[in-house]
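Two complexes, one shared chain (subunit A), two partners (subunit B, subunit C).
Moving on to the complex of A and B:
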């Protein structure tokens, strides 16, 4: 029975059919599956499958990434409200678009996946200054700052990631807070992330979530 | 009563079938079709260059000009002047000596009505030029203001398009390398004047003397192109604080510009863009449809690399612009073309499968945007593509869908569908956002105008199937391909242009979608290939 839910849910996800995905989950719940099981055994593995798919085939459909992440986030949020005990959060990240950049959608994929992976993610919005990124990370006790840049000049600009790195350094936060960048400019030059002072980067929103989890573990382990 | 006839044109290299009305000369019909006769007068039979041989069919009687210009032995071989020649039945002609291939073609403006403006009372600078400067195309027309008459129109490719895949890429180029600015500016300016000279050469027979009598050039376009044209620093577009306000596009080198164009008396007006990503081409489009005259809500969408949306709610105009990506210009897709020879402009489903309507009737070289929309919609209807945008079949996922057997130029690839989904979702969700902000239900729209080259051949039913256009009554949707040029012509000719221009600008409410968090949800919801209906599950 449970296997069938997993199968049906995955089918709904790959078809980006939110109604069908919700219907599967509702049926599972009404037949005694716990909200915890839904998140950890259905939703999360599906996101991880999607990550593997993206890694295996870089051409997977971007429209689909948006929809998958959105469905995962929505269902996780619904289920979290029904958890018997507050879920164990693996860590926190603040995310935003870099200064001068108004592109908001890329980070949506990251946020959706992170939520379903039990990472508390705080969305700062678009056009965020370096100071605001760092202040927010400190305020929320976040392990990761994630910066999305869709244009070359916002990816490499003085007031973007470079300045965040400077601030982390000045305030002695480099061990406590890791910096990850993403967005189209980084895909063209795979070494670009190092020149903007980032600790890591991701070629797409779905693998970004995975790398953010890794960075959180690194910070917590140190 | 106008009759339409089929004309078969042959040259030594190619043949072409076109349908032309009996009141359009063969020369003008061929100017639109793009295989042009030689010409050096305005089609009045004085240059004799447009000789063409009739093979079969019935034609208008020979004119005096033809008696004078065609030697007797040529007349006996059924040679005629294309500018004097009209069809009276289906016919075939042979063109031994076509004009050299050109970037420029005439626009088909045959269904445009005249503008109701009085002729200008001027003696010297009687000519004026309207220009719509697009990212991939340039459209322009030359006017005699004394007679309130359009002498001719042209459209051609914008040669700067070769330098980067979309406006932002080009601005990136431009921001990174300063010397690019000057060269981009020159490329665009040269292209425009080349189009004007093409008209002068072919439709007036003289160039320099007419250029000196041009008193006004009005140029509309998207913000990036106008910034490049006027030699402005494109980086101001990048600054988010400039997103919602007009960008200065006044050229600093007007004297030099006038002398480059050999138009010493011309006032060259670059119509100021409305905002960072909303060009004056949209303003022109709003003028073309006279949007504020409607008592009921009107929506306008101008599809392109940047798709601009305007909503008139009866009191003000809500405006926004979203990235269409290159999907709506045809470029940037695996088999993407602009509306050019060899482009699949439409796909139909018949009993024998899919048939392709190719511009110029030759072999398909790729899809232009309208054909691309048809292709996706038809595959969706057949469930070959699912709502998610994925191909149902593994083979199609791996190789794409062949619309013609073994014909690589007619493949639709998964990546193309993905690009389309994002472009259409961006547009549909921007429409949805404006409708929500203005509190206008879809059902109360009295009109939806679809502008841009994209609109000209768009199959509305197919566009609605995939949710590119909202599902509203068919008769409320109007396609207006050259709206920006029409609006620009109005700016040129309307004596009350200045007041009207100001009035329109004063009623604008620019909306930056990235400041509306609900936009992202609308966008994600519109990604599926489903119709765009009122309760789109917001």
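Moving on to the complex of A and C:
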């Protein structure tokens, strides 16, 4: 029966059918599945499956990424309130769109996935200065700064990631806080992230969540 | 032959001395006139002067009568545009802040009479007088599925498309399609030869092919009202190969601005001599290429696309970070390898 819930939930995600996904979870809960099992054995694996589809370059689209993240975030939030004990948070990330950039879809996908993966993610919003990114990361004790840029001038501009790198360097924070970038320009030039001083990059929101988790583990291990 | 005749020859498959060479110098005008983007885009005369200077400097084929995409939102009530020191302006104030605003949204009866249309109209008028009989003049129009992004932001639009009430989504599409129809008509009337038809949801990178066929395509047909003359299909640089065949058959669009992320050989095979294959060089990678790498990539693209004709070489969005020597090398190589 449990395998059927997993299968039905995954199908709903692929079909971008939020109502069907929620119905599967409600049925599972009413039949005795615990909120912890919903998050860790249904929702999180579905996010990881989508990540694998993206990594394997199989046929997925932005709508599926968006819905995977959106549904995962909503269900996780609902289930967390019903957990028997608070879950272990694996780490923290601050996220925002770079200075001069008002695009917000990419970071919403990343945030949705991160929430279901037990990462505490702080949304700084859009058009964020480098100083605000670094100050927020320090204030929240975050291991990762994630910067979304949808235009070339905001991706490579001196007031964006380049300045964040400078600030991390000046304040001696480079081992404690990692910098990841994402957004359209980085998809066209896979080496572009190095020229803006980032530690890593992701071609889409789903992959970004996975890489952020890796960066958190790196910081914690060092 | 003039550049305009060369373009017509490429579209119709007639003999020409070379392929058309397009450059999208959308962000370069302000620098050409030593102005900030805000100052530059405030007057159609400046925009036309910038395009004409760029045409003279680089010798490519086309000019643009485009200010910035947010102008469409301004015509529909947007109160604030974020002008960067350099680069493309952004919509800062969304006209649709809640779903209730969709009902309130009104499309002007004649957008060509709207004050925000005036800069584009002035620019187009000057370009038509100066180069209208010799060079292709390009305009930009958001499709019905793309205009909502400027009105409510991509995040909220995606939410409405995928999770919102269908009747509300369709109401917004209808209004945006009305706007698109008017804009295409106004551009044609004022002398634009090419209209870049931007369709963000016309790519399988965004939504499923099924949804494109069942939802986006019928609205595209409505946008264009059976007349796809001069229309170039453009997905904001996202891949489109998988839907070209459907769009060609269903909507009748004959020219496709292929993404650098698409396989150009595959695109050429799909479009064949039934339309114009426009190859876009990856000018984000070009920022860090050498002159030799730039020339080699132009040569590679043209060698794929030129056989059989019906082919155009072009830039993508040309970021301001491009080294001058690479721009020059790109255009020189396009002329050299594009000779028939």
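One rule holds for everything that comes next: the second predicted complex is superposed on the first by the 220 of 222 C-alpha atoms of A that agree within 3 Å, B and C clash if a C-alpha of one lies under 4 Å from a C-alpha of the other, contacts with A are read in each partner's own complex, and residues count from 1 in each chain.
The rule we apply is simple: a residue touches a chain if its C-beta (ideal position, glycine included) is under 8 Å from a C-beta of that chain, and two chains touch if they have at least 3 such contacts.
As the structure is a prediction and not an experimental result, all values here were calculated from the model.
K.L.:
Mind checking subunit B and subunit C on superposed subunit A, clash or fit?
P.N.:
Aligned through their shared chain, the two binders clash on subunit A.
K.L.:
Examine A:44 and indicate which partner it touches, taking first as subunit B and second as subunit C; both and neither are also allowed.
P.N.:
Neither partner.
K.L.:
Touch check for A:61: first (subunit B), second (subunit C), both, or neither?
P.N.:
Both partners, subunit B and subunit C.
K.L.:
After the superposition on A, what does A:152 contact: first (subunit B), second (subunit C), both or neither?
P.N.:
Touch status of A:152: both partners.
K.L.:
Quick one: is A:70 in contact with subunit B, with subunit C, with both, or with neither? Answer first, second, both or neither.
P.N.:
After superposition on chain A, A:70 lies in contact with both partners, subunit B and subunit C.
K.L.:
In the superposed arrangement, which partner chain does A:118 touch: subunit B (first), subunit C (second), both, or neither?
P.N.:
A:118 contacts neither subunit B nor subunit C.
K.L.:
By the touch definition at the top of the document, which applies to A:136: first (subunit B), second (subunit C), both, or neither?
P.N.:
neither
K.L.:
Who does A:100 touch here: subunit B (first), subunit C (second), both, or neither?
P.N.:
both
K.L.:
Based on the superposed arrangement, let me know which partner A:22 touches: subunit B (first), subunit C (second), both, or neither?
P.N.:
neither
K.L.:
Taking 3-11, 201-209, 291-299 or 327-335 from subunit C, which overlaps subunit B after aligning chain A?
P.N.:
So the stretch of subunit C that bumps into subunit B is 201-209.
K.L.:
Can you pull the subunit A residues that subunit B and subunit C both touch?
P.N.:
16, 59, 61-64, 66-67, 70, 100-105, 108, 127, 151-154
K.L.:
In their shared complex, at which residues does subunit B touch subunit A?
P.N.:
Those residues of subunit B that touch subunit A are 168, 172, 175-176, 235, 238-240, 243, 386-390, 414-415, 417-418, 421-422, 425, 512, 514-515, 517, 519-521, 523-524, 527-528.
K.L.:
Touching subunit A in the complex: which residues of subunit C?
P.N.:
27, 82, 84, 86-88, 90-92, 153-155, 158-159, 161-163, 204-208, 211, 237, 260-261, 282, 284-285, 287-288, 316-317, 319-321
K.L.:
For subunit A, which residues are in contact with subunit B within the complex?
P.N.:
Within the complex, subunit A contacts subunit B at residues 14-17, 59, 61-64, 66-67, 70, 100-105, 108, 125-127, 151-154.
K.L.:
Contact residues on subunit A for subunit C in the complex?
P.N.:
On the subunit A side, the touching residues are 16, 18, 59, 61-64, 66-67, 70, 100-105, 108, 127, 151-154, 156-157, 184-185, 187-189, 191-192, 195.
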